[in-house]
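Two complexes come next, and they have one chain in common, chain A, joined by chain B in the first and chain C in the second.
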Partner chain A sequence: MASPVVHLPEAQLRPLLASYDAAVRSRRFHSLLVMACIVAAIGLSSVSAEVDLAKFFGNLGNFTSYIWRLFHLDNGAWVWADPVEWYWGAARWLRLLGETLLMAYVGTALGAIGAFFLAFLAAANVAPRPWLRLLVRRFCELCRTVPQLVFALMFVIAFGLGPLAGVLAMAIHTLGALGKLFAEVVENIDMKPVEGVSATGAHWTAAMRYGALPQTLSNFVSYSLLRFEINVREAAVMGFVGAGGIGMDLIEAIRKFYYSDVSAILLMIVVTVAVIDTLTSMARHRLIGMEERH
Partner chain B sequence: MLRLDGVVKKFGDKRAVDGISLVVPKGQMVGVIGQSGSGKSTLLRMINRLNDPSEGRIFFEGADVTRLTGRELRQWRARCAMIFQQFNLAGRLDVLTNVMMGRAFHAPLWRALLKLWTHDEKAMGLSALEGLDMARLSGQRADTLSGGQQQRVAIARALIQEPEIILADEPIASLDPRNTQVVMDALQHINRHFGITVMCNLHSLDLARKYCDRLVGLAAGRLVFDDVPAALTDSVARDLYGLESGEVLGPESRPDLVPAPGLAIAN
Partner chain C sequence: MAGRMKVDTAAIRSRHPHYFGPPARDRQVLMLAGAAAVILLVAAMAELGFFGAKLIGGIDKLGDIAVLMMPPSPGDWAHVRLYLLSLMETIAISFLGTLLAAVIALPIALLAARNVTVQRVLRFFTRRSLDIIRSVDILIWALIWINVVGLGPFAGVLAIMTSDIGNFGKLFSEAIEAVDRKPREGIVASGGGAVLGIRFGILPEVFPVLASQVLYFFESNTRSATIIGIVGAGGIGLHLAEAIRTLELQQVSFIILLILVAVAAIDVVSNQLRFALIGRRARLA
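Showing the complex of A and B:
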């Protein structure tokens, strides 16, 4: 069968090709420049951060011997030879682990609720006021650039030792991180439904509620679950600065060289995190699956 | 020759397409008509395998295309180009890049991913665009174009696939009258001059009668009409479209121009 495309003569083609090339050249140059900058930045940062391979290999032995000691009881036996002795503090550690999970849950929930409301104010395509959008963006930036442990330390000083400080720190960091992600979700929506609702004279909040929200909800939930996974890990170290959870016992065991306690607590944390990761990613995939099936 | 053999598509309990058998000889221009929800889109999408049939089989030139997977499935799709009501272009990419997707099956994957089209491939894309009076916009982002322009880009993409069938799913439903004519003329030209089979879902019977060699009518997923356009009398059309008939038949064939009492209030 003849091709349905009638080829133009070369003379007619040349100006068309030239004008296409001119149109895309600046975009292509731009992306090459960005790539070159990224490669250069990786090279420079590893030099200036003194990533010293000789030092790494020289001290590898110390690290492996530490690991070896972690898995031995005080009497010199392997830890799994006497599980009861290894997990002598199981009841207390389980309670602390529960507290850790609760901290992560409350911190994530509070942060996600805040981020949900800020996202629509911060998204470029739907934001009602430009100045408010900038303000919200800066606020979210501030919330997520200060590390959680720094916030936690500040709250411990203000409110005293305990989980309250950890929850607040996590909520604020989550607010900043999810606020940005949620805003990006909103920026990627199809504007047609929003225009459809707005054109009826509906209030901005109604346009968001009926035009934008249905497109974003499943992504919001999915990102919140991902954040919960991260926060479970973060909550485990909150105790390092006295902000509640199992981290308090972990840091004490590390400092006082209770080797077998360190491995016992670490193992509990690893198993818990793995279980939470599996459950939440199952939930997220279900959600994505539902989305695709409509 | 395209042959559908008892094709069924179920969505849950609903039979969107309910046992359709059909033979389309090479080079025919077939209009698929029927109320919205009658299964026209689903039928076309199954031929391209965007939806898989729940039952029945589809043959092209004697080969079963319902069981194809992997590269063979992609090859089949390259042979039956699809044109959508909503154009389905990548709005953030430029026009020529969108068109070049029509060569994505033929070019080696690494070249396709890096946008490294050869001179000949680009020449083909630009020629197809020029044939639709669109080459001068080749560097522009697709989402900056009007609907009619976007549909012409989509047609150019379909053309450089060098397909044997073109499946057009209500290609003109979002277009103004002038662009409707441009797009339908283009499809007719492709059909007449290159012998490419065209299957086109249409909502308007006037257009279906004007452009197609043969009309296939669906109602609730079943085939209820299959004949030359002249055989589609107004009374058959009214059966096919029920309440929607006034809107698809055009003003001259509307039986009652007296508005129903309740409608006057709207003004």
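Showing the complex of A and C:
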């Protein structure tokens, strides 16, 4: 039986093979060039970032022993052997954890309320004034590009140590981040209801209230819940710069080598974050479900 | 003809009782939840000290600070050099941290992907570990690594690496789970082993997606790298925190401006690279 594969004559095959080889060679050359660039960048950055592999592998034992010590009490027993001793500061930590959650909540809520009003001014399809739109966009950009902790550091100077500085820093960052997302939501709405309301002679605010808002609200809430999740994590480290929350006790425990306290607080944070993640994702799915039923 | 139409309200009411009756249960629940949220907000604000002299006084001081920050100025040329060097250090930290994380996260992601790792227990533990790594903030990782390799940018590299292993592990495994399984089946059917199936059946398909995620994180890590200096893990954050604490406010605004410009530049470059890798249209996906 003849083979189904067609064999071209040698003369016809040679130029095809040559061009194939050339194509492969040029791709190889291209990849090599990219690799060389990456290797050069790695070399340069390693010098700049003071990478010291000898130190890393020499001290890697410190990392494992650090983790090991995290889970041992001062008397050498495993932490879970004596939960009461491990969580000796439970009352204080729970209060601080509650404060952290409140900070995340207030920061998210204030930021979301601000972003809610800015979004309609910043969305290209409904913005009342072009110059105002540009101004609001730049403002939101500034708010979200400057890191939250930098705001917190400056607010600590102005408002003193404590959660107030942290909440305001978080609110400003949330305002910037949500302002952008909300504006994008508004830009994606169906314009017909808005036109319908405007056609009846309604003012801009009424057109927004009855034409745009009903289409956007569930997305707004969904994004705010996502942001709340992020802010819970962020609130936990606000205390590092003195801006309230459980971070204050955490950084003290880390700096003073109270190992079992570090693991106790970290565990509380990890569990809280996991619970909040689950709850908010449940709420978001409910919300999406409600949206689809209408 | 243009006269007003007589509206028979009663008839409409009887035809559409839904619109005239009391609000539906859904709506009542929503309103109750909204009211609860507002009450909680006000109570929380009171608890956190919003309704006191502290807020008014603080806003007053904040105005002073804003005035003192203008115009941005580095002080002298020695400072400009210092800041530019530490800005480069920041970018180096972010670059190395992201790259290391990507290299380490790839095999972990294979372990966490449903279509590669059949072993359910192994997959479960891989995923939970990634979750735990992700829920610890980058600053905490920085503090832990400082204990291992000492103060300095190397601790920052390791912190970004650790926290991104968690992020990449999750994102990569999702990308791997979304691949078409036919190329891999073809390779296995023609006698290739599991490793060859992954190398030629999965990696070529996911590589552009992974690379674009890495580039995206490179940009966001540059932002993170600016703040890990606050706890002593290298980069420009060290100088920023120092300038804020010593109230050198014009330098503060100069450094912030420098960071904004650097982040914007990296944003542009990484977007260009991403488009080159995955094509402009994939941005919408």
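The working rule: the second predicted complex is superposed on the first by the 232 of 294 C-alpha atoms of A that agree within 3 Å, B and C clash if a C-alpha of one lies under 4 Å from a C-alpha of the other, contacts with A are read in each partner's own complex, and residues count from 1 in each chain.
Criterion: contacts are C-beta pairs under 8 Å (C-beta built on N, C-alpha and C of every residue); 3 or more make two chains touch, one makes a residue touch a chain.
Here the structure is a predicted model, which is why all the values come from computation and not from measurement.
Trainee: Between chain B and chain C, whom does A:154 touch in the aligned arrangement: first, second, both, or neither?
Mentor: second
Trainee: More residues of chain A are touched by which chain, chain B or chain C?
Mentor: C
Trainee: In the superposed arrangement, does A:199 touch chain B (first), chain C (second), both or neither?
Mentor: So A:199 meets neither chain B nor chain C here.
Trainee: Using the touch definition from the top, say if A:84 reaches chain B (first), chain C (second), both or neither.
Mentor: A:84 contacts neither chain B nor chain C.
Trainee: Check the residue A:241 against both partner chains and state whether it touches chain B (first), chain C (second), both, or neither.
Mentor: second
Trainee: So, does A:11 touch the first partner chain B, the second partner chain C, both, or neither?
Mentor: Neither chain B nor chain C is touched by A:11.
Trainee: Of the two partner chains, chain B (first) and chain C (second), which one does A:45 touch, if any: first, second, both, or neither?
Mentor: second
Trainee: After lining up the shared chain so the two structures overlap, which partner does A:34 touch, if you call chain B first and chain C second: first, second, both or neither?
Mentor: After superposition on chain A, A:34 lies in contact with neither partner.
Trainee: Touch check for A:54: first (chain B), second (chain C), both, or neither?
Mentor: Neither: A:54 stays clear of chain B and chain C.
Trainee: Please indicate which partner A:163 is in contact with in the superposed arrangement: first for chain B, second for chain C, both, or neither.
Mentor: The answer is second: A:163 touches chain C but not chain B.
Trainee: Would you mind listing the overlap between the chain B footprint and the chain C footprint on chain A?
Mentor: Touching chain B and chain C on chain A: no residues.
Trainee: Applying the document's contact rule, which stretches of chain B touch chain A when the two form their complex?
Mentor: By the definition above, chain B touches chain A via 94, 96, 119, 122-124, 126-128, 130-131, 135-136, 138-140, 159-160, 162-164, 190, 193-196.
Trainee: Report the residues of chain C in contact with chain A in the complex, numbered from low to high.
Mentor: Answer in residue numbers: 26, 37, 40-41, 44-45, 47-50, 54-55, 57-59, 61-62, 65, 88-89, 91-93, 95-96, 99, 131-132, 135-137, 139-140, 143-145, 147-150, 152-154, 156-158, 223-224, 226-227, 230-231, 234, 240-241, 244-245, 247, 252, 256, 259-260, 263.
Trainee: Flag every residue of chain A that touches chain C in the complex, lowest number first.
Mentor: That would be residues 38, 41-42, 44-46, 48-52, 55-56, 59-60, 62-63, 66, 99, 102-103, 105-106, 109, 142, 145-147, 149-150, 153-155, 157-160, 162-165, 167, 233-234, 236-237, 240-241, 244, 250-251, 254-255, 266, 269-270, 273-274, 277, 290 of chain A.
Trainee: Name, in rising order, each residue of chain A that touches chain B in their complex.
Mentor: Touching chain B: residues 1-8, 12-13, 16-17, 19-20, 22-24 of chain A.
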